[in-house]
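Labels run A, B, C and D following the written order; every chain starts at residue 1.
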Amino acid sequence: MLVEIFITMLILALVAAALNKYPKISGIVTFFASLIPFLVVISWSQDIGLSFPQFLKFFTLEKSLNYNIGIATFMLKITPLGWFFLLLLASAFPMAILFSITFIKKNAGGFYAAMITSMIGSMGILLAQDILSFYMFWEIMSWSILALVMRSHDKKAIMSYLSFGVLSAMLILLGIMLLYSETGTFVFSEMGFMANNTTLIALSLLVSGFAVKGVLVPMHVWAPYVYSRSEEPFVAFLSGGLSKLGYFAMILFMYSVVGISVLNSWGTFRDVSIFGYTLAFIGALTAFIGTVLAIMQDDLRKLLAYSSIGQLGYIAIGIGIGTPLAMTGALFQALNHTFFKSALFLAAGAVYYRTGKWKISELGGLGYKMPFTFLAVLFAIFALAGIPITSGFAAKWLLYEAAIQKKFLFITPIMLIAGVGAFLYSYKILYGVFLGEPRHNVKEAPLSQLAAMWLLVLPLIIFLIFPGWFVDLTSPILKWYGLMPISHTPYTITTSLAAYNTLAVILALIGGLILAFALYFSKPQKVVPHTDNYLAGEPPELYEHISMHAASKYYEPFDEVFYPFFKRGAEMCWMAILKFVKILGEGARAIYTGIVNDYSIYILIFFLLLVGWWLIW
Amino acid sequence: MRQEDWSKLARIMSKRSLWMVHFCTGCGAMEMPPVLTSRYDMERFGMISMATPRQADVLLVTGYLAVKTLKRLVQVYEQMRDPKYVVGFGSCTINGGMYWDSYNTIKDLSKYMPVDIYIAGCMPRPEAIIDAFLKLMDMIDKGEATGWKKYHKYYKQYKRNQKMAFSYRLDEVKDIEEGDGK
Amino acid sequence: MVMNIITSILVMSGMVALGFAIGMLFNGIARKVVARIHNRVGPPVYQGYIDVFKLFSKKTNISHGWIFDLAALFSVGGIALTFLFLPVAGVSMLSGEGDLFLILYLIAIPALGFALGAGASGNPNAAVGMMRALMMMLAYELPIAMVIVAMMVYYNTTSLAGIVAMQSNLKWAIGIPPFLIGALVADMALQGMLMEKPFDIPLAPHEIATGPLVEFGGKHLGSIILYKMMGTVVETTLFVDLFLGGGVVLNVNQFGWFAYLVNFIVWFVLILVVFLIAVIINAVFPRFRIEQALKFYWKYDALVALFILFWIFSGVMV
Amino acid sequence: MVMFDVPPVLLIAFPLFFAFLAPLIYYLSKKSIKFYTLGVLILNAILSYFLFFRVMDEGVVYEQLSGFYPPVGILLAVGYLGSILAMLINTLATINYVSFFDEKSHSLRFSMLYMLVTASSTGIVVTGDLFNMFVFFEITAVGSYGLLASKGTKRSYEGAIKYIVLGSIGSSFILLGIATIYGYLKTLNFYDIAARISTMPIEAKLMAFTFLVIGIGVEAEIFPLNGWVPDAYQGASSRVASFMVLGPSKAGIYAIARLIFTLIPFSDGYELALILGALTLLIGELAALNQKDVKRMLAYSSIGQMGLILIALSLHSQIALIAAVFLIVNHALAKSLLFLGSRNYASGILKNPVIGASIFIGALSIIGMPPFPGFWGKWYLIVDMAHNGLWFMISVILFAAIVEAVYYARFLFRGTGNEKVTLLPGEKIAIISLAVLLVIIALFPFLLYNPASNAATSFLGGGP
């Protein structure tokens, strides 16, 4: 059955590619194909021990499958961890496709085919039970992304993606080869580890390879280019969905394959393994750096790219700490990030679809023109900044709690300040794009795009009120790792340090709003156009030719303060390495002088060398 | 009846917190600092000067007004929220003062917007200013300071006068007069 | 059960009303104190009530559309919400339901609503003011976050009510050497939080016409001013809860209603003192530029906070 | 399975015979010459299939020519690898010939040379006799000179002449090696030599080995001996270059394999091959990194691939040899695809989805992305290295792969450009069919795996 599903999706991908001439039809076909993984993951819900109702069982699927391709056997099996991440991807994927039905015009067939292929690869990764199939599906995912990146026609994007993709592939390959030579088997479950340095090196290589996908500093260099040059639906899926695969793989290899005991045997700090602590620290650093760089951007997509770098850092923190609290927080953050970041990228796409502009300083005042897009973005940004009006806060709260529980005195303030920095760029998006002076007379986004955005925002609101449901979702994973699920009711989470009651927050907010309404509607009001603004008494008609939108160089003082520290980034280091390799390449090219005499002399020298060798030997 | 009491209470309150936007055109502004600062502390009556007309109740016009300035002044006045009061400061706002024969200054401010109270003198002493504000306060208390209502009532005429002031050429003026006649 | 809910709702609404009342009073007191320092008479202490009443009694109110109105709603509603999650004089209304992190994020709700309204007005001054306000926030959050984390680790709880409970019987945090310094750091941060000079950069009336407030008037301005006044109470109370034991001097179980009375008086005096310190600094200082403020907080204030962190770190190092 | 037991000699005799018959056809009708050639090639390809299946059924096929018994007479010995390569060369030569179809001046000489080179390269992989191999090498070389020069531009002549010089040096070295061996053993039969090589004095053995390595290395594009490669490939037309990649170079690498496995197997030989392979790989990839001209870049890249194959051979273990077979096939398919596409690199994916996808697949396969054959090659190679714990070599290979990715990224980026360079329909057909072959091997890798494992076993056993 599973094989049939893979094959069906492949066939649908070919169909979509064949319908290249008719973008809309091809998109609809792909949309139906994209629903398959979601039905699959829902059908599996009972097999991993969740009490989902029976009628949600669309397919009867085997839990594990060994598929022999003649020279190797793919071992696929559904695990709670894989199920959870598959849920994230499978729910973000259809939205991206739904959005692109109206968005993608040119050469849509190739786009949809590549999207489905990347989804197939991701499903394979999440189900893989042995190294070979893991690596194979990983690369399939990776190059189908490459195919999508190539549509951007952008040199920097393509080159940085392919180089970093292959770099990560090679790191992973080296790592798994080390593991293989250590254990002599390809199957995860048969790998028994002793804690020696080989395993440590292998794990470090693997994690740094996965860090490329889940953009962690200093492997994040490719992301801003790719995120900011490619088509929005794809970027939404890449940032929202596929970047999670890196973190899935980290959890898989750190906690399932190698195991917490081995991690701890390399030394612990406040009974968190040093390895995990390092990862957590890198995560905190990523969160901070991504945030600061996001504040400095003016291109909407670049800003979102850096912000997603910053938000993904939190997941790494949770994975690194690795307590039940931290794990739940990391998974929760992963879920939130999937939904709000996809929604934000799609909204950016919708704005572009209507206005044809990317620069924040050139947009403005769309809030009244595209109210529903604005509201979707508002909720997504609440989730991003962790305002307790969406579920975004609960995740960050769990991570803070976990860090305090372990008495991490230096990671927590960095997390907090990164969280505050998120307010800054969030407001930059809100003001620069949706508030301020209306400069574009545009319609609201098309219905399909709105539907995609709102369906992505909805879970954020649901999990705000019932974070306990989310904890129920993750409890199989924690059980699977032998961790204790954190204590909770549908709307409260209790830790050893404090409790968080979402219902109280909501009710109190409602009460406060009632009070405010009572004050507010005491008086009538009249609405004036934005041109009727106080500008030291200048009549507005004198300002027709001048923009009153202050969004260009919005945080200029901030940039002035921070630019000196971020002038020399990770990118420069990578460029220096590349330059060095290019110098080597020049040397290699210098060998081929193109003069035949030299070549003959090479042969002679070679002959003499060989003879010399024999003589010595 | 209750509405009466309510508006009376409102009048009492608003007379005790007059926020003024200080439209400083001429030399008259010289006299404001002593009024604001520790010599004759104006804040003891709850008066402070605000930065924008949106927040202000009193428009204080200190000194002469060129035509261009008037344009801005009208803009500021219309951006204020009702109830709002205008204080003409110095003889320039009454009859042009020492600019009485200038070709591009406004002679009589009350032609262009309802002035609730004038302060005579070139230039008036701080005591006079304080006195004027106190008078304005009990005018508000009695409900006599109704300039903003007048502005709504005779809006067309005020606009016409303003247009005539802004227009440079005689034929424009004629057009406006005829247009108003019809 | 139902009675409990009703009584608690009544208590909470009473506390919120009290909070607003105290906020308006503080406004008057501050103006009076500043006037005295300037050797003026100054307005009566009840000036705050008059201003708010006047603003809400304006005849016409000019709005810039529904996003602009969000400001009024979210600022008042959000600040009341935040106040409910603080333990006030030992009365923990909802502070059992959330913790310090929640409060730190709840304070952002009114600020964000306010920011939405200011941005929606489309006035460049408002945008510049919001930029400055957010950068101020980033600036002073770093030291105060460090101090708060240090306290959480020291008291091994993240709940503010827990921290207050640990300081009962006058074992105030300010008595502990690292947190004495921490209190100074946090007071500097408080200066920025309350937007008093030298950190009143966001609404600099003479540069950018009161920044975000430029388009607000009438009831909108009334709501915002209510938010600012309540904000002073919330922030000073946060400070008092963190460092001065939340003003709890008598044990409620021991003395009953009398204890409540005394605690409330002590709490009021403490927040007044904390507030007056800020006001007095405000009265005698000029204004920083924004990048100067950022550098001040991130260089000097944060360095001291880092020192405190190391101090605590050496303490809890195992 | 097998229709009739096709004698291996047919594979060589057919095209040779028809090649020399070609002038007659040309004389009869100028038009039909290309169809004639195509027909001959297809026939040959079919024969090679039969031969392949025959070998698969009944193992190694020996055939002695001209009545004399070996070691005196000439022996043809078609092993598994030989049959695979024969099939590969003939099939790809046929496909590649399609791309020449609508050549304006489609001359007689060209067809003859094409058939000659195909025949002789096939001969190299099916022969069991050293001197015979040398003869075929000569024919291949001479034909290649002609083909490389056939474009008629200054650059092509330049490249061809360089090849002539180096090639003749190489041939003379081969001849020297053969002379050395013959002088001592009085035989030229592979198996005879392999059996009695130990009786040779060690110096002579080493000298013979040296001579042969240098001589064959020139054909097989091994590092210090491959100076002709960039210029020749750059000068030649893209289609000839792709033919060179799939034909003579593969024959050369096969000859190297025969040399170090069958003929003179000894440990230092493997060591030498490993070092040479690593050098060739690194130098090739690094030189390609900064290369602007696409054909030259591909030439350097194919040098690197040769190095990779040589490394795989030098490990002389079952898995490594399977890897070598995968790499050879992958290189022959993908690199000739890329060479064919290199005329079209300027227009690309978005201009022409099908061609673009094919070129994309080719590049992926060369970089070694799964599930394409290149991946299996690298995978088995690295697995075997992990067995032997050659971590340094592994990191060298991975580093080379990253460098490869960087310049193929540039190649692909150019592929998204907008210049309009139209392909001839023949070229399109060739490219697409090559891509299809790649995809087939990707989907059913065991098609190649089982013969490859047989080949590995027989090679390790000293057989062909």
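As a working rule, contacts are C-beta pairs under 8 Å (C-beta built on N, C-alpha and C of every residue); 3 or more make two chains touch, one makes a residue touch a chain.
Note that the coordinates shown come from a computational prediction; the quantities given were computed from them, not determined experimentally.
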| Between B-C and A-C, the pair joined by more C-beta contacts | A-C
| message | Mean of the CA atoms for each chain, then the mean for all of them together: which chain is nearest? | response | A
| remark: Whole-angstrom distance, CA centroid of subunit A to CA centroid of subunit C, is 36
| note | dist(centroid_CA(subunit C), centroid_CA(subunit D)) in Å evaluates to 79
| query | So what's the Cα centroid distance for subunit B and subunit C, whole Å? | reply | 38
| task | With chain centres taken as the means of their Cα atoms, state the distance from subunit A to subunit D in Å. | result | 44
| query | Could you say which residues in subunit D touch two or more other chains, in rising order? | reply | none
| query | Out of subunit A, which residues touch more than one other chain, so two or more? | reply | 532, 534, 536
| Residues of subunit C that touch two or more other chains: which are they? | 58, 60-62, 209, 214-215, 218
| note | In contact, pair by pair, are chains A-B, A-C, A-D, B-C
| note | subunit B contacts subunit C in the complex at 10, 13-14, 16-17, 37-38, 41, 43-46, 50-52, 54-55, 57, 79-83
| note | Touching subunit D in the complex, subunit A uses residues 17, 20, 69-71, 106-107, 109-110, 132, 135-136, 139-140, 142-143, 147, 150-151, 153, 155, 158-159, 161-163, 165-167, 169-170, 173-174, 177-178, 180-181, 578, 581-582, 584-589, 591-592, 594, 596, 598-600, 602-603, 605-607, 610-611, 613-614, 617
| message | Quick check: in the complex, which residue numbers of subunit C touch subunit A? | response | 9, 12-13, 16, 56, 58, 60-65, 67, 69, 72-81, 84-85, 94, 96-102, 104-106, 108-109, 112, 115-116, 119-125, 127-128, 130-131, 134-135, 137-138, 141-142, 145-146, 149-150, 152-153, 156-159, 162, 209, 214-215, 218-219, 222-223, 226, 289-291, 294-295, 309, 312-313, 316, 318
| query | Which of the residues in subunit B end up touching subunit A in this complex? | reply | 23, 52-54, 71-73, 75-76, 79
| Any idea which subunit A residues touch subunit B in the complex? | 532, 534, 536-539
